[in-house]
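Written below as structure tokens is the structure these notes are about.
We call the chains A, B, C and D, going by the order they appear; numbering starts again at 1 in every chain.
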Amino acid sequence: MSFNTYGHLFRVTTFGESHGPAIGCVIDGCPPRIALSAADIQADLDRRRPGQSRFTTQRREPDTVRILSGTYVDPADGIERTTGTPIALMIENVDQRSKDYSDIALKYRPGHADFTYDAKYGIRDPRGGGRSSARETACRVAAGAVARKVVPFVTIRGALIQVGPHAIDRARWDWEETAKNPFFCPDAETAQRWEAYLDGIRSAGSSIGAIVEVVAEGVPVGLGAPLYGKLDSDIASAMMSINAVKGVEIGAGFAAAALTGEDNADEMRMGRDGAPQFLSNNAGGILGGISTGQPVVVRFAVKPTSSILTPRRTIDRDGNDTEILTKGRHDPCVGIRAVPVGEAMMAAVLADHYLRHRGQTG
Amino acid sequence: MSFNTYGHLFRVTTFGESHGPAIGCVIDGCPPRIALSAADIQADLDRRRPGQSRFTTQRREPDTVRILSGTYVDPADGIERTTGTPIALMIENVDQRSKDYSDIALKYRPGHADFTYDAKYGIRDPRGGGRSSARETACRVAAGAVARKVVPFVTIRGALIQVGPHAIDRARWDWEETAKNPFFCPDAETAQRWEAYLDGIRSAGSSIGAIVEVVAEGVPVGLGAPLYGKLDSDIASAMMSINAVKGVEIGAGFAAAALTGEDNADEMRMGRDGAPQFLSNNAGGILGGISTGQPVVVRFAVKPTSSILTPRRTIDRDGNDTEILTKGRHDPCVGIRAVPVGEAMMAAVLADHYLRHRGQTG
Amino acid sequence: MSFNTYGHLFRVTTFGESHGPAIGCVIDGCPPRIALSAADIQADLDRRRPGQSRFTTQRREPDTVRILSGTYVDPADGIERTTGTPIALMIENVDQRSKDYSDIALKYRPGHADFTYDAKYGIRDPRGGGRSSARETACRVAAGAVARKVVPFVTIRGALIQVGPHAIDRARWDWEETAKNPFFCPDAETAQRWEAYLDGIRSAGSSIGAIVEVVAEGVPVGLGAPLYGKLDSDIASAMMSINAVKGVEIGAGFAAAALTGEDNADEMRMGRDGAPQFLSNNAGGILGGISTGQPVVVRFAVKPTSSILTPRRTIDRDGNDTEILTKGRHDPCVGIRAVPVGEAMMAAVLADHYLRHRGQTG
Amino acid sequence: MSFNTYGHLFRVTTFGESHGPAIGCVIDGCPPRIALSAADIQADLDRRRPGQSRFTTQRREPDTVRILSGTYVDPADGIERTTGTPIALMIENVDQRSKDYSDIALKYRPGHADFTYDAKYGIRDPRGGGRSSARETACRVAAGAVARKVVPFVTIRGALIQVGPHAIDRARWDWEETAKNPFFCPDAETAQRWEAYLDGIRSAGSSIGAIVEVVAEGVPVGLGAPLYGKLDSDIASAMMSINAVKGVEIGAGFAAAALTGEDNADEMRMGRDGAPQFLSNNAGGILGGISTGQPVVVRFAVKPTSSILTPRRTIDRDGNDTEILTKGRHDPCVGIRAVPVGEAMMAAVLADHYLRHRGQTG
């Protein structure tokens, strides 16, 4: 994964700024003859779209995706399918409020990429965060929708499992709940607690971090490669590439540090179906960089957005001490919208490794 | 990072199995005219070498590195320097005990890559773990020694900060201590406690996980790129590619999930030296994927090795339920030797991004 | 160069089919702070645009390019500049005649990609050649216009030097002539002969091959790398990637086979300006894969298009013997429009190697 | 193909200088379970080895290859097979004559990479040409021997078809002849003429160029990709990466410039075996970047070596005009040894595309 492209055989290149004409991506390497229409992609985009509750930014965009290339409607059956050529997707930006960005253009928001962009490039589009806007993640979700179709036998689901200090109770985990609350929370009780908690954060003009868990079931055994093309290495890279993510773990993750070899090792038995079976999943579905056939389980931490109403000390482009607070639309917990983004990145990594595996081992 | 190569401009390709003739790597893209001799690399290798205390595997190898290509001794001054051509390094395997591997060859150690290698490739070198042996990390350390010379202005140091449930006291952190105990522990008191603890683990034929922290100081501002060529994304990939690593975090990491935007954002002030200064470092030296000039701080979790003396339930290649225990040399805490490996991976990522940055922004 | 991306640090990914909604490209890795507007790119596109004379296809498109991302207009001076983020360019397709493609959809044009696309992918957009349309080269020209701005000190010019059996007289070479005839021919006399010759080809519904020469002056010494990152290797790949190209040569090229070492070697002398000077340029500006500072000279052969009015024997998708002839718009000599495309590919390769060189050697 | 690595899924990284301790390569991505021993590779290396006739350099090396990693001898059947891990091959340099290279170290041989290496890197190993020595091609041949085993259904053969002004008579082409003369010449009569001609070149201390043709039969239809991942684009890059190559053409190549669309297009008919059949092969087995199933035919031009006995004007490192002539071992026609090298590069490209194709289209 380098620059604005990720993947090796299933490759995605994204482009676009928050307030430019459009954002989008080019998917190169998608196998041919897969039924694919804009509507398929739109469904995933709609899950990520902001402004659906008071807990995400109030920017309102239809986020309508157009397929610019790479599919063909067969006149014989009227079905749109991939052709094996690059699939370009475009989402036009429409809600570009004529806001005054002069403050952000001159001062660096602490915790934001403003400073580093200027330091590296000497130029920066300050409008809406420019390239570093969470808006870019719409492209990831769009690409993920295509990736899912490359590995249709895999079920990828994400959930928010912690908001600030409040973690869910895993005993109450119910995937169906994730569609019933605005947080993708799998635990109905905790979702209620978060609602009150986030109302407080929101009304204070503050923000809070979160932890997301993504689980992929049905991953075939054998995806990945030892050491450097490791499935977990690519998942770590993919998740860490999402805006605001500060940590990634697989399976037992950091908790593995406190485990003994006896406790950590997932014992095996032959299943009644004649297939190998693991008696636990501390490995998170990956051993030696290669999928075991168990669910692939990844968690990542999302820091709170730095666009808050409380003034913070900072400097300006001219090197003067100053203060800044960010008015306008706020995202009290960017971790919420990171859930479908994490699913999408998981889908892209798995699609890529599925094609690699097929290539290398036949 | 893909397959057995990592890096984009500073690229390392490693090869070798535990019990083959040799392990090694090819470093491609190292700038020319850097003074480099085998002795420079050997110093780093010696820090990683096993068998230096009773807390690492008793395999005894001199791990003598040879430079096969890519350097030239100038007859004028007798100094060996890089020429810009590929630097091949080779370490011959000498301590290949004529042990009987037939047990491991047929049964899968729970928590080990045995099962997935067989599932993916249908063939596997069982001797000493083959490609998945921790021995491979010697190549990473060798390449890291070269990488350090590409960014000589950066100081990269690692420490073990947790063994099993026992974490260090950060208030007692002293880098000099890391050279005084066999654990790379920066806290002398905790090192003593670990000694007793690990003696217990070792005599029980058990193993335990650990957490490593690597800090890079002197990193120039501006390394990295937004979103996909993010410095943190590449660090995550690099660390997760190390054997047995299950989690990676940058700066505040997973703790950021519990922080508010006010607490997480690192405020800024102009320093007395006229340079921007951050008042804290929750970002771990990286904002928006680009280095801030503060220390880059990464932590990673290492699971306990699955080679233990307690019998565990497993299956064999023929699909029968069975049990396995691993006799022979044991590594009670592979996290210890992961410290110089983590440093080396950090060095490789920084060298690569330094060259990229120089290329893209001049 | 792989799949639909070319370049390593200056990377271009193209997308689009002849009759889809749009074609375009994403340029990743362009350095920041370069003044760039759509008008800059449009100028190059206009040189390539078909329908400007009776010797190229009569498809009439404005080929209007839009910049979707990667630039920012500084409010201070009103100048649009690159920001270092991906530059997405889009050209909408407008002249998509509602032609009946059912004949081409079912039968394979000999010499065309119809057969291989179907064989590989099992699906193909037959409209206007789909992805294999020469229309795709507009994206290359657009990307090339950006690439030229990365190496503004290099002058890249192309010329058509042979059409069918009729080669130019190199003694009459005058770069200014290339703008005065519809063939980019540097020799006015030969241009006149081609006019009559191509009128005959065109009225016969036939087509003819050609040879293009591209010369880059002002290339700094040192671009490229030995053996595998060779500048000439990348140029060969780039030119051979253009539709219909069947051969590429550098400097003396195939003629070098008949030269002795004495004749081939370009002797050197120190110039009056104190710079090394070559007394000839059989090397075409590249020795050992690295630029010498002399003009980089490349030639490539373009085969005649297979869309002709004479019926040819072929087979259909169902495996029946049949015949085909291609009605509609014809391109009697696709080599003509290949001239600006060759220039653009040269620009992209040089921009990429310039950034690589800056990265690797500082 | 970039720097010292070529290929995308079947990837080869080479290293080594003429007079360093060793040369070699790492092959990453080779599928598992392929029977492979050093003897298999040695056979190909022996065909390339110099000193086998008076027409190639008199450097005498056994060129003994060692497999350092990536294979495993199954104790059950005693067969050595690939394991899917990186295959490292090493050839130690033994004939490093203690020659005085001070002349070459200070002066630039016209037509050689001496000048550009110094200009780019500011340092250069002058001994035996260092990295730019034809010796490096042994690594390509070794990798090619492995590549052939990835596509065992393809027959790859090369021939020398022109030496200086003397081309073979294609009507007399007989593949078996290539093994009977020291030139890999498929035409016995021409081989005799070359013998006399090259004796003259050799005794004059001169050198001469040549043209090599490589043919791959049995290539499955569908390898390659449109436009940028074109099979011909990768072949062009691969051949142009060989030392001293100045031109590459596929099928009709440069001659296509003089062909009409009627003559160039390879007509099709269904064969008696029910498979599509082409009535000619101007395409050289590739249409639209994808293999047609016909033989893939490539030719490349090799310039004469610049190491000759006639003094040539040049400059030295200090910027003084001077003269140079190269004493010692000479290669009157480096094109001869380029034949097995061209075969090897063809094998590597086909192996890579075969794996890619399998990955992308299943």
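In the analysis below, contacts are C-beta pairs under 8 Å (C-beta built on N, C-alpha and C of every residue); 3 or more make two chains touch, one makes a residue touch a chain.
By chain, with names taken from UniProt: A, B, C, D = Chorismate synthase.
Since the model is a prediction, treat every value here as computed from it, not as a measurement.
By number of C-beta pairs in contact, C-D leads when C-D and B-D are compared.
A repeat of the A-C interface exists among B-D, A-B or B-C. It is B-D, with more than half of its contact pairs matching by residue number. Greatest centre-to-centre distance from chain D is found for A, with centres as Cα means.
Once the centre of each chain is set as its mean CA position, chain C and chain D turn out to be 27 Å apart. If each chain is reduced to the centroid of its CA atoms, chain A and chain D end up 45 Å from each other. Inter-chain spacing, taken between the CA centroids of chain B and chain D, is 38 Å. In chain A, the positions touching at least two other chains are 3-5, 14, 29, 32, 84-85, 120-121, 131, 225-226, 357, 361.
Of all residues in chain B, only 1-6, 8, 14, 108-113, 115-117, 119-121, 131-132, 136, 162-165, 201, 206-211, 221-222, 224-230, 232-241, 243, 246-262, 264-270, 274, 276, 279, 282-284, 286-293, 301-308, 310, 312-315, 319-321, 335, 357, 361 touch chain A in the complex they form. Across the complex, chain B is touched by residues 3-5, 11, 13-17, 20-24, 26, 28-29, 32-33, 66-70, 72, 74, 81-88, 90, 102, 120-125, 130-131 of chain D. If you check the complex, the residues on chain D that touch chain A are 9, 29, 31-32, 84-85, 225-226, 355-362.
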